[in-house]
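Per-chain residue numbering starts at 1, and chain names A, B, C and D are given in the order in which the chains are listed.
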Amino acid sequence: MLVHLRHGLASAELDPLLALCKELGYSARFLDEGRRLLELSGCGDRTHRTRLEDHPDVVEVMDVGDSHELHVRSEEHEDTVVHVGAGAFGGGHVSIAAGPCSVEDYDRLLRLARGIQECGISILRGGAYKPRTSPYSFQGLGVVGLEMLAAVREETGIAVVTEVLDPRDVERVAEVADWVQIGTRSATNFPLLAEVGRAGKPVLLKRGFGATVREFQLSAEYVLNTGNDQVVLCERGVRGFDSTTRNLLDVGAVAYLAAATHLPIIVDPSHAAGRADLVLPLARAGLAAGADGLIVEVHDDPTNARSDGEQAISLGQLRELTLESKEIVMLDGRVLDIEFGPSATHTSNVKEPIQ
Amino acid sequence: MLVHLRHGLASAELDPLLALCKELGYSARFLDEGRRLLELSGCGDRTHRTRLEDHPDVVEVMDVGDSHELHVRSEEHEDTVVHVGAGAFGGGHVSIAAGPCSVEDYDRLLRLARGIQECGISILRGGAYKPRTSPYSFQGLGVVGLEMLAAVREETGIAVVTEVLDPRDVERVAEVADWVQIGTRSATNFPLLAEVGRAGKPVLLKRGFGATVREFQLSAEYVLNTGNDQVVLCERGVRGFDSTTRNLLDVGAVAYLAAATHLPIIVDPSHAAGRADLVLPLARAGLAAGADGLIVEVHDDPTNARSDGEQAISLGQLRELTLESKEIVMLDGRVLDIEFGPSATHTSNVKEPIQ
Amino acid sequence: MLVHLRHGLASAELDPLLALCKELGYSARFLDEGRRLLELSGCGDRTHRTRLEDHPDVVEVMDVGDSHELHVRSEEHEDTVVHVGAGAFGGGHVSIAAGPCSVEDYDRLLRLARGIQECGISILRGGAYKPRTSPYSFQGLGVVGLEMLAAVREETGIAVVTEVLDPRDVERVAEVADWVQIGTRSATNFPLLAEVGRAGKPVLLKRGFGATVREFQLSAEYVLNTGNDQVVLCERGVRGFDSTTRNLLDVGAVAYLAAATHLPIIVDPSHAAGRADLVLPLARAGLAAGADGLIVEVHDDPTNARSDGEQAISLGQLRELTLESKEIVMLDGRVLDIEFGPSATHTSNVKEPIQ
Amino acid sequence: MLVHLRHGLASAELDPLLALCKELGYSARFLDEGRRLLELSGCGDRTHRTRLEDHPDVVEVMDVGDSHELHVRSEEHEDTVVHVGAGAFGGGHVSIAAGPCSVEDYDRLLRLARGIQECGISILRGGAYKPRTSPYSFQGLGVVGLEMLAAVREETGIAVVTEVLDPRDVERVAEVADWVQIGTRSATNFPLLAEVGRAGKPVLLKRGFGATVREFQLSAEYVLNTGNDQVVLCERGVRGFDSTTRNLLDVGAVAYLAAATHLPIIVDPSHAAGRADLVLPLARAGLAAGADGLIVEVHDDPTNARSDGEQAISLGQLRELTLESKEIVMLDGRVLDIEFGPSATHTSNVKEPIQ
């Protein structure tokens, strides 16, 4: 590693830093007369980069090629493929999860799950625990919502992704969910990240709406560090200065992360757009930038949704999105995983264009 | 309330919304022919604003004069004064909390506590649980750190403010802390906000580094809604596009919140600056904008601090800061609460300029 | 129009506002008892919205369906098609402009122009006047650069797009350029916008890196207001808080503007990415979101470029980009305009995959 | 200088860079085996930093202690004091400029100028050329406005600061203005920066609302590079993600620039706040952070102002601001330059508290 130090450090200030380097197993030498550049030689492990970055005299760690962090793509570790139900993300597999923002009533959830399956999609999203900016907003049905998800999963065979907010709920959520979501507002909830990692289920990790790419990678590292490598990253837009869209979908981060990490990365066009009319173009843009999948909000009656109804697309639009997605990912040789659910056999008009 | 609706809603879409208004106890009438403006008459309660804001057909709630939210300054509820140890915030009282970023060893903590008391400051900050961007960074001493804080508190009589990250730790932290901190990375950790509120101790609520002022107010509402009104807001800088300072200290938000809410608001110049040389000017700016206090990182050996050493000021600078703060708040008739700790009697050279 | 006024205005304050409405030809009536909502009836013209927005007692103009602004898509004015050389933007036409950041020497420019033509591209970009953050950076060759562009245009038949910075240079630039560029740093240079509009050539208007979508539309309005409607908008990334990419490509703005305005909108993936390895995915994302074209930096020797070499792609990558672009825009029935230049007849290996 | 290069450059790529270093008069040596760190020895001049930063293989110039840029504070060049009329900025001098957003009619301007002088302020601001986001907004009175400013200046002896937008107007504006303003929307209008510099009058340079501190310094460098060192920097708020205030006043940048450059730096609290009720606290915050002065919008009839009326304070508030400013800057031994204009002799009730 090359370490860039603060300007004008006295010997008494440098000594403890040099002692730390020695303790970590490196031999250190200054490269310049001004003693601002320190070259460390040695094997290192994945904790060293941040140990050094934390030091108050270190401006930055410049060369991190040997960082050994767990998310890093390398020759030994190319594509992680994460399987969720009949879908898969990464390694050329592209999948879509769809469903309502929040779980509201059983019949509607079942109807939506079947509608989604008819589009060939095998993963249902739906929130039982909802993180809401205001304490007076609908907070989700909680345990009752989880039970509805479990029942619909049982009934239809669809896989389920749902969010958990509180480390005390992780076990309960992981029992029901095939894929456990850590939401954008929990991206820096470090106790939760570790608890979810330990639950052993695949993890859907959303980027914090104010997080840098590096911070996003380190949130993933919290999960990976528990020994769970079934992590799917999700770009869902970052906060910007313009209100045309709810967030700014960072397609550059998608393209960068697709190359920099072995983890799959998907896109949430619904929260990025914040309005139904822009969901399809943002979904296409995400896939064209290299995303390994999508998670989309769908509703069969958006006007009566108890949260985020303005950004939910209809099942008809979802069908269109599925078709467009299939075509886009085919352009670079990837495959959109589509599986027809039980009720799909009755909807021949839908099946044909997809096959 | 005046409610601004989406353009071009059909009657079938308007009906459920009108039913909701009726259910909440309002009589509703449209103001314009295009039916985009709905006037609601009725008493309302503090949950109604967000219930309506959540509705997918509502663009915004325009007139919120009668929002009844708990943080709102009104004739009935002017200044909340929050007492922490011998200090107080709000209602003309200004106080300072100071201490290391993280609790590291007992002797140093005791030495720092005494140094801080010699500056006339009666609140010690110090982290036992540290939220760190990387899992490989020092995460704080945890329970051992809490014990050190308790022992120093016992030994010196200084009050203690420390952060809690995990709802499962709230009880433990609240036993030791006179003031329980919710950090910037936990501003949207809603289960934690509620759990801390219920612990019944005064709360220090930091603004999320990516949170709007409205979101900050609603984070406070999560705590207030538990029945705990001893909440001090803290502006600590928001994320911007320039790296000269670690964050952008939002003095406009300080001035706005000082007028809009009855809660005290303080400033954290250390995390805003991210560099020791700019801490004093930012502290002065915060107080001049109307802040009711400061929380500052201090270290007697910044180079060996295990976190955030680059932004800690020395005890000498803290003394200077205290003097400057006293003068600035005097200009508008406020008082900086300064109390001399036990060891202060031996430091006559410090006492004099403060008196 | 519906006009939302400030809270609590006295009659004396309302009178001048009502007089203004009358003067503009509207009849006005208040919708609510609190007199915050004013409904204006009348024909209006395109200057009225901002006249009212400028008034200090107006919070916002809420209903702008009848804004009459010149960029607005409407039934009477659907797609504007802008022709530049053999290429066209809008109305189903998609084109690409490519070339070096700055014009540096004649032989290289000619070689690049021919290489670009061999990819089927008929528009050459290249800066003679360069807006540089530092006065000590290379500022472009100026008039000499324009002469080189003119000579290459003459020699190859390629069309030329180049930037103008100073209203005093507009005439000179418009003599050489087929398409006159207003750069991101000039988005609020209003005298320049008007001068370029008056020159009568097609205009390439880049979004300011800190401009909202509304501000971008109003920059366009400055050009359109001169009577010149040959304006192509260009999204080139906005400034964000992360440095992974140089800017954040706002694909949501692309999708929004494609629907909201009749003007074509293209994407500049080179300045958005700031690094050659992310140019292709961002180009694909922009087209998938609905962009009507691309402008891309290309260099045959990026290491010796005098500006922006790190983001220039090679001619080989440009060829790949052209092929990918063709496939993406075909998915929704659009056509990438590709024309083979004179030298293209000698490069059969390139022609085949494009056809 | 220490130069940080891109990773993995081949010898053929390094050769032209090394040739450039030699051409600039440096001897160069690599510090590390990986050849990413290049140490340059030699005298250098102020153009060299950006010449190297522009090179595509250079990641950053790390050590810039010897940058020789003209704005840099050094032992030879401590405080530049800029005199405008009877006021002065820098070197312990603090002054205030006040006036309407735009010049609208002669009688009002004269009345305001006299009211401002009665507050002891000797610099009148007022726009004749207004940069407006929309072409349909009032664009200022232009030459007629300049004539009004000249007449009021003649009549009252007050100094005048006014903005210029177009390089073709610089001569005309500089004839009337004691201080020529380059507005936030012109911060990257490089031809204008140079033209204003050459006019030889003191310059008021506002920070671009989306500009980094480094970009702000380089805008100043464009002016300084013409040989004109009478430049006052002005922080007026940057664009953020929250709309509580119009902009985010960057008090950290004020504190930083006060130390990093020899140029005076002032604050514009009116454009930062965007609302009259927050102007005074932001003005205090700016001065407390180290600003050398203020520029404030004042109106005697804000409701009828043709632009920015919502952020103008009254003359009564200006008087209060002047008194508060005097007290704040006295705390660190600076002096607020106050001079009583001709009409001030009749307003004994104002004079007393100021003296």
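In the analysis below, a residue touches a chain if its C-beta (ideal position, glycine included) is under 8 Å from a C-beta of that chain, and two chains touch if they have at least 3 such contacts.
Since we're looking at a predicted model, the values are computed, not measured.
A.B. asks: From the centre of chain C, which chain's CA centre is farthest?
C.D. replies: Farthest by centroid: B.
A.B. asks: Between C-D, A-C or B-D, which shows the same interface as A-B, counting it as a repeat when over half of the contact pairs match?
C.D. replies: The pair repeating the interface of A-B is C-D.
A.B. asks: Distance between chain B and chain D based on Cα centroids, please, to the nearest Å.
C.D. replies: 33
A.B. asks: For chain C versus chain D, what separation do you get between their C-alpha means, in angstrom?
C.D. replies: Between these chains, centre-to-centre, one finds 30 Å.
A.B. asks: Between chain A and chain D, what is the separation of their C-alpha centroids in Å?
C.D. replies: Chain A and chain D have C-alpha centres separated by 43 Å.
A.B. asks: Please set out, as single numbers or ranges, the residues of chain A touching at least two other chains.
C.D. replies: 210, 239-241
A.B. asks: Please name which positions on chain B make contact with chain D in the complex.
C.D. replies: Answer in residue numbers: 210, 212-214, 237-238, 240-245, 248-256, 258-259, 272-273, 277-278, 281-282, 284-290, 324, 327-328, 331.
A.B. asks: Which of the residues in chain C come into contact with chain B in the complex?
C.D. replies: Per the touch definition, chain C meets chain B at residues 2, 4, 7, 31-32, 34, 36-37, 39, 62-63, 65, 239-241.
A.B. asks: Applying the document's contact rule, which stretches of chain D touch chain C when the two form their complex?
C.D. replies: Counting only chain D, the residues touching chain C are 6, 13, 16-17, 46-51, 53-57, 131-138, 165-168, 185-186, 188-191, 194, 208-210, 215, 218, 221-222, 225, 239, 302-310, 312.
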